[in-house]
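Got some structures for you, see below.
Both complexes shown next keep chain A, but they swap its partner, so chain B is in the first and chain C is in the second.
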Partner chain A sequence: MAGVNIRSVAKTFGETHVLKGVDLDIRDGEFISLVGPSGCGKSTLLRIIAGLEQQSSGNILLDGTAVDRMRPRDRDLAMVFQSYALYPHLTVAENIAVPLIMRRLNATERSVVGGLLPSGRGKRKEIAAEVERVCEALSISMLKDRKPAALSGGQRQRVALARAMVRKPSAFLMDEPLSNLDAKMRVQARGEIAALHRQLGSTFIYVTHDQAEAMTMSDRIAVMMGGEILQIDTPDQVYQMPQDLRVAEFIGSPKINVLQAAMSENGALAFTSADTDSNRVHAAFRPEAARLAGEAEAALGGTIHHIENLGADLFVQVMTAGGDLVIVRCDPSGIRPAIGDKVGIHVDETRLHVFGADNRRIAGAFRLEGGR
Partner chain B sequence: MMPRSFAASAFRHAALLSIATFALLPFAVMVSTSIKPANEIFSDTVRWWPQKLAMIENYSEAFSAAPLMLYLVNGVVVTAAIFFLQVLVALPAAYALAKLRFFGRHVAFGFVLFCLLIPYQAIAVPLFILLYYVGLLDSYSALVLPFTISVFGIFLMRQFFMGVPDDLVDAARMDGMSELSIVWRVMLPAAVPALTAFGVFSVVAHWNDYFWPLVAVSSDSYFTPPLGIMAFRNAEAGNDFGPLMAAATIIVAPLLALFLLAQRRFIEGIAFTGIK
Partner chain C sequence: MSLSASQNRAGLALIAPASVLALLFLIAPLSSIFVLAFTDYQLGDRSLSFVGLKNFEALADDPTFWKSLTNTLIYSAVVVPGSMLLGLVSALLIDAGTSLRSFYRTAFFLPVMASLLAMAVVWEFMLHPSFGIVNATMKALGFAPHNWLKDGGIALYVLAVIGIWQSFGFNMVLFMAGLSAIPRDLYDAAEMDGTPNAWARFKLITWPLLAPVTVFVAVTSVIRSFQVFDTVHALTQGGPNKATEVLLYTIYAEGFEFFRSGHAAAITIVFIMLVVGVSLLRFVSLKKNGASA
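Presenting the complex of A and B:
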């Protein structure tokens, strides 16, 4: 068990700044996701925590102790890789036993003749029992004698998890462990990993580019972009109170609607794409914060361009007069709009997010004023 | 479709067979001569199978005229020692060149490539003088030591290791392996196909090597098989081709057996299908 503290960690490769001074405090037993588009530095940060890569500056603290000079094996962390990285020449049981064998057995006990030493044999028995326990916990006991080549993607992912778990590390590092699974398996594995976290109570640091994975599993989400953390918050907060336009755009599916608007001194907003003297801002609202209304009675209007029917939800894409595509969530049981209809869009002002030209959130209450 | 593809494949096979026959002809002559009595070897008619079989005579003569068994044992000792030491040096070196980032890595690899261009005959004389000063001439060491660092082996294994996923190396580090453990416990098992290929090259080259043993050793207790064959050429009785060819056949046989064994490993040895 350990908390992880990241203190202004920076990483540069020549001229490229992969991480620009990242600060992050991860509490003991927390499930935190590092989420962001590819190339945002999230994997590099994870590898620096693991000790597989050396930061250019800054410190990593595990349980309050700086571990910057420590090798990966001494940091007591376990990692699950995107490719699972199972040893192809070893069986499942042997794969899972490796971390224990490398730590508990000394060099002679590990060697070929080591099996004959009484001390080595006792330890090997213990290890076999522990491997068995982990296999049972993940229900992979029947696969123990197979080689990785003979396993499906989901099975390999479980073996990789088992290999990480067997040592009871103080924290788990996961580098997109679900991205090689098909969509159905991924949803199932998501639930399993979350359950595993609750059961073990260890710290989980989970890297993903899939915002849905981050939203569904984490206690907190750190949204990274361009080598910086833009926001660290609970999934609810990140979704409902994004502090940065890029966070708002990255989290949520379908994507948040972002429109240009002009803001006057008193907090009145008007959607416009024209250049005006007044303060120009980005006004954003999620599809569920809007509803279709009569053409005349709403601040925004347009023509229905496309309708996505997902069964439980209806996502209506409206092309506004200004040429923006706005997505509105509708209840499929209500009146079904039709493509080509002229509609108004009523936006819930309490769920409107306003971002300045620097992409940062502008706090306050806003009022929408007549449209175009 | 069927007859046409049959004709095409028949043609392919005929072409391949004729080339194979051409390549194997000297070998067939060797085996054929090894079972002929002396008078039939020099007869003016070509006969693949002798009228009077002299197989037992020739082969027993091959073993008694010179200590052929000793030469074979020498050959096994020398080639095995060379291959073992080559692997011991090449695998860690190749791993470092392929997977570790250190200052001068590219220069080091450049040197490896450069050394590939040096024919070993070119450095035979300096090597000979070196071994003379160290006092190792005319010994197993003289036969083995010059070949322990195989730049070809380093190059070949490095190219293979480049294809081993970095994640596997990182996983091994997380699991607590030292860099050397990674070489022997992860990279070596993964590299069996490449290692087999290298082994065939190395063993064939050093089993058949005539030049260096001729330079390095003088007492016949260290003779390797190719040097041993010369015992038959220089025998007082003149060129005794029957036993000579019998000895040659015996010397080639282990290589053939080895190659047939290794060939199966080549095919099975696709070890990396389990990674992704």
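Presenting the complex of A and C:
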């Protein structure tokens, strides 16, 4: 069990700043996701925590102790790789046994003659029993004698998980472990990993570019972009109270609607695409915070461009007069709009997010005014 | 599946060039060797007569042949492990290094590409008993100088060292290709799994995953070492006192110096059987690997 503290960790490769001084406190037993687009530095941060990469500056603390000079072997962490990184020439059982063999047997016991030493034999028996327990826990016992090449993607993922679990590490590091699975398997594996976390109670640090994975499994999400953490919060908070426009745009599917608006001093907002002298802001609202209305009744209006019918939801794309595409979620059991209809869009003002020119959230209550 | 007549014709037409070439340059010479081995033909003769197994019986009683076969096997037993080990170690070092990789790769590969005959002349200068750099260095370090190529006890091993120098670069390139096919993730995983040192990682990942390359390198090295000829011809001519007599050189001497073509053909058959035997070994090991993977 261990909390992980990251203190202004920076990483540069030549001129490129991959991490620009990241601070993050991960509580013991927490499931935290590092989420962001590719190249945001999330995998580098994970590899620095693991010790596979050395930070340019800053510190990593495990359980309050600085581990910056420690090799991965001594940090008591386990990692699940995107490629699973199973040893292709070893069977499933042998793969899972590697972390125990490397830590418990000495060089002689590991060698060819090691099987003859009584001490080596005893330890190997213990290890086999532990491998068996982990295999049973993940229901992969029947695969034990197979080589990785003979396994499906989902099975390989479980074996990689088993290899990480067998040693009972103080924290698990996961680098996009589900990205090589098909969509259906991914949903199932999401549930399994979350259940595993509840059962083990260990710290999980989970790197993903998939906001849905981060939303569904995490206690907290750290949204990273351009080598910085933009926001660390619970999934609900990240979704409902994004502190940065880029966070709002990254989290949520379909994407949040962002429109240019002019804000007057009393908090009144008017959508505009024209350059005016007044205070220009980004006004954003999620598809479910808007509904279609009569053309004249709403602050925003346009023509229906396309309708995405997902069965449970209807996502209506409206092209506004200003040339923005706005997505509105509709109930499919209600009145079905048609492509080409002229409609108004009513936005729930309590669920309106306003961001300044610096992308940061502007707090306060806002009123929508006027229309086009 | 049955093919139409026109498909048959097209197929035959397509394999015709390769078949003709194989027949002309591979099968015809090989079969003429087989025929010659059972005759008393001498180079330049207008006639020949079949003598059955007499050539092979003569071989069995010929001390030169046995000396030659033994020398070839000794040479091979030194060169194969030597060039493989040196090739593997240099491949690992270059792979682990970050700078000057292509320089080292080219430098070590140079002897493979250079004409061995020309290089042999350079070695002859270096090994010269009175003004060679090797003896000069030995003297400077306080060791007794040797007459490297004229000493029957060491000449074969000197040739073996030249053989290793010449061929390890080829093995190195093959090993480097094998190394580059091993995913980096595996080494990261091994690091996380607690492998204590580089040797443990080598044993866990590199060595087993290089196994197919190693088998290939071993077989090609054995065959190439059986074919040693250039250095022998240029440096020792099989001497002193047949101490460096090797199979190809014996074939050459029998066939083109003593003109006993029948005799030379018989040795050639033995040589071909050796090479085919080694190739079969590789075939069998590949099949076994294929079945278990």
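The working rule: the second predicted complex is superposed on the first by the 372 of 372 C-alpha atoms of A that agree within 3 Å, B and C clash if a C-alpha of one lies under 4 Å from a C-alpha of the other, contacts with A are read in each partner's own complex, and residues count from 1 in each chain.
To be clear about the criterion, contacts are C-beta pairs under 8 Å (C-beta built on N, C-alpha and C of every residue); 3 or more make two chains touch, one makes a residue touch a chain.
Predicted model, so just to flag it, every value in this text is computed and none were measured.
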Problem - Superposition on chain A - do chain B and chain C clash or fit - result: clash
Practice task
State whether A:52 touches chain B only (first), chain C only (second), both chains, or neither.
Solution key: both
Exercise for the section: Would you sort A:148 into first (chain B), second (chain C), both or neither based on which partner it touches? Expected result: first
Practice task
Could you tell me if A:98 is touching chain B, chain C, both of them or neither one (first, second, both, neither)?
Solution key: both
Exercise for the section: Pick one for A:307: touches chain B only (first), chain C only (second), both, or neither. Expected result: neither
Practice task
Have a look at where A:180 lands relative to chain B and chain C in the superposition and call it first, second, both or neither.
Solution key: first
Handout entry: Which of chain B and chain C A:362 touches, first, second, both or neither
Key = neither
Handout entry: Shared contact residues on chain A - chain B and chain C
Key = 47, 50, 52, 71-73, 77-79, 81-83, 85-89, 98-99, 102-103, 147, 149, 163
Fill in the blank from the handout: The answer for chain A against chain C in the complex is residues 47, 50-52, 71-73, 77-79, 81-83, 85-89, 98-99, 102-103, 107, 110, 147, 149, 163, 167
Practice task
Flag every residue of chain A that touches chain B in the complex, lowest number first.
Solution key: 47, 50, 52, 71-73, 77-79, 81-90, 98-99, 102-103, 147-151, 156, 163, 180
Handout entry: Residues of chain C defined as touching chain A within the complex
Key = 183, 185-186, 188-196, 200, 204-205, 208-209, 211, 293
Fill in the blank from the handout: Given the complex, residues on chain B that touch chain A span 165, 167-168, 170-177, 181, 186, 189-190, 271-276
